[in-house]
């Protein structure tokens, strides 16, 4: 598999410039630089007022591209939460598991490329 | 060398003991004295006594190491790749089919730049199955990215393995090292070996861990997948490490000779100074070749001999320096590359080495000793006579197969 | 005795910390990646991961990046058990010789090809020698990395590119290999099945397995659906995985020191009437689109037989109780 | 110092310890500061099949590794081996060391041999001291009658080191006794 996204953003180093043992990847979790968000055809959108903070979407995301933030939120109905779930659109591939598994249907899949 | 020399060396307290052991045992003693952390091995004739001895050392508490009695050679080298990646000093030994079963891992071990040291009791390759010694398994490792040494005596097996750890673990190298020795002819032959004092060995080849390892406090990824944009550069680093290893190997040889009063060279010559012909050999038949040279000299033929201690990296400079004046060189291989332009694998290397330096010395490729057919010194003497009596370019057209029967009952 | 394990009771008992980064190149909704993510959360940072060749490897380690936040090594396809044995031995030896003071756990995460088939010998060797390694099998039931070829883990009648559904041969002719029984036959301390649709159960089994490693090896067989390989749309990955257990196709059970325990919710599905119809599971996947109702009955019979076998094992080896 | 080299072949049958005998002698030589090379005729181990084991002991390093063709001494573990290996009499240069229950049984074969002969009844001696007819160490005792580069104590010590405490002591003693019991025929 030739991953074009990652190559675009990476300078191709010469053998003298690589780590002395070039085949080792010494920076852990560095795929984060690789923005797989461009793969999406549909994007999940969370309705923060409908969300019950059950962690289901976060739990089942294989990327992971759902961020669990310590960010207080008060719903229109006046319910207060300490946590907020947001989508990491840089990496979300738009598989839709989160929307499908959400027990309260608080996540909608919206076609990419349309108006926001 | 006389008795008094040996005594004086022991007197200098470098020598811990002088024992009579086989090359298999010498390999095991060396790994023990190098204080390896992990051994993983699978038995195969003729290597078996080497790994039995390792197991015995560990069982008796003479060596504090983990012994993994793996279920195959494939797993032996796999386990050592894991152990070495986790920072352990490791050892195994194998032969023939076992080496071939490891083959995929040979390339991975060097590609992952792991300083694994392995003994190879060389043996013929099936089919037909043969448990006996030749160098076919060894020859197959040519392109694997391992540093490959060849010993000619049990002492040299012991010494080479100690050197191997220092070479392999050198930051400029970080490549696996194979130390090969003849199956049976050496692996099962009892001969004198001087074992060195543990502190001296420790001082000479200290365990170095100045390389990245699998460590949860500093996570790295080993064995990543390289796409065409990256593979070549990473592979080239290995090639460069192999180039660098030549200088390191020379340094280590010099240091070893100084520390242990030896006289190892990458290429060893015998009566070459005024020689017209050189017979090139490697491994356990070296003594037979020297005996043949003595015979030839008695008959007035100016023959000399030369042996290779190193196959990878190939010691081209040392070799050329010693043979550039020869009228003809003959290389005795106990392995074959059927259908090659020159069918003796080392003969091919020698011819290439000469050619790369603009020399056109005729190289006679001789194959003998397949499946441990005895290479008598008289066979080598006969070879020298043939070379002396022939036009060299007549002999280079095809590989000479000595000792093979064309029809039965030839005397 | 194994040490007391802290078990998760809700999703919120699982760490927020991630050890597998996004930006990997697995297909959307990949069951294998979710398995790895959950296993790492359960295991924590003091681990070394061995991963044989497969989807997980090629999608997480494309040079010059890695998705892994823990030490990771890929060596080859068929030898994860042996590589892990070596690492475990090295940790033991280095601790003994004083050059390391860490009780790092060794973890294999391997696919079905690298476990059922080409890696079986190395796995068996590792189990037989008793190395303290947790071997996690993520089972997506075929060679997905090379484009959906049959493996020993592929179920009966499933269509693969090397056993297509033709007019004469109806996909894979043979049954799925019972890898758990093979593993259990080594009488290791702990083996279990798990499913990405049941993360709490999965995480607890990993924690429990890790607590056994001072006694010997542990093995967890995780069902990890593959949307392109099985033929269903991405968002249904968890639903399909859940159905696999709810229909009895992939029961959850554990082998705990020679005792077989059928875990919830599979204990409930021992009663055939409570199971969902297998048809629902089979017909949701295009790998089985050619399968007839008659053939589904045959598959159901196989499930009945297997669950019966499990039931007898569990009754024969002690009273089944939920783990705690 | 004048260089001295001895080439010896042990003729035995698989299981009789011909290989071990050569190794023990090599060990004795090496412990003494000499050089030695001991190598079996290589092959799969087969109990009962004729085997031979080669030994070179020298004051100089021994380098050549090829079968010995004209040994200084041949050590023959049983009368049958003289029949199986008729070349022994033709090729041995100096001494044949022969084991037989009675010398008369081998005398007709050895009559034509021009060198020296040492006779020993190693069967009975080893049965008496080791409880089994493994004749190799008894044969070494007999060899030492004519192999004066090593002493009985050199070899007895090597045997005790080789076999370890209990068996080593018995074998060392057997070597001493065999040395005394063996007979120089000519």
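Should a chain be cited, it is by its letter among A, B, C and D, assigned in written order, with residues numbered from 1 in that chain.
Quick note on the criterion: a contact is a pair of C-beta atoms (placed from the backbone, for glycine too) under 8 Å apart; a residue touches a chain by one contact, two chains touch by 3 or more.
Here the structure is a predicted model, which means the values were calculated and not measured.
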Chain whose Cα centroid lies nearest the overall Cα centroid: B
Chain separated most widely from subunit A, comparing mean CA positions: D
Chains linked by the largest number of contacting C-beta pairs: B-C
CA centroid of subunit A to CA centroid of subunit C, Å: 25
For subunit B paired with subunit D, centre-to-centre distance based on mean C-alpha positions, whole Å: 34
Centroid spacing, where centroids are CA-atom means, of subunit C and subunit D in whole angstrom: 63
Whole-Å gap between the CA centroids of subunit A and subunit B: 54
Residue numbers of subunit C (touch at least two other chains): 58, 61-64, 66, 68-70
Multi-chain contact sites of subunit A, meaning residues that touch two or more partners: 1, 3, 13, 23, 25, 28
Complete list of chain pairs which touch one another: A-B, A-C, B-C, B-D
Subunit A residues within the subunit C interface of the complex: 1, 3, 6, 10, 13, 23, 25, 27-36, 39, 54-56, 58-65, 68, 88, 90-91, 93-97, 99-101, 109
Interfacial residue positions of subunit D with respect to subunit B in the complex: 1, 22-23, 26-27, 29-31, 33-40, 42-44, 59-67
Residues of subunit B defined as touching subunit C within the complex: 37-38, 40, 64-66, 68-72, 74-76, 78-88, 90, 104-105, 108, 112, 207, 209, 214-217, 219-227, 230, 234
Subunit A contact footprint on subunit B (complex, rising order): 111-113, 171, 174, 211-212, 219-224, 226-230, 233-234, 236-237, 240
For the subunit B and subunit D complex, residues of the former touching the latter: 1-3, 6-7, 18-20, 45-46, 131-133, 153, 182, 184-186, 188-192, 284-288, 290-291, 372, 374-377
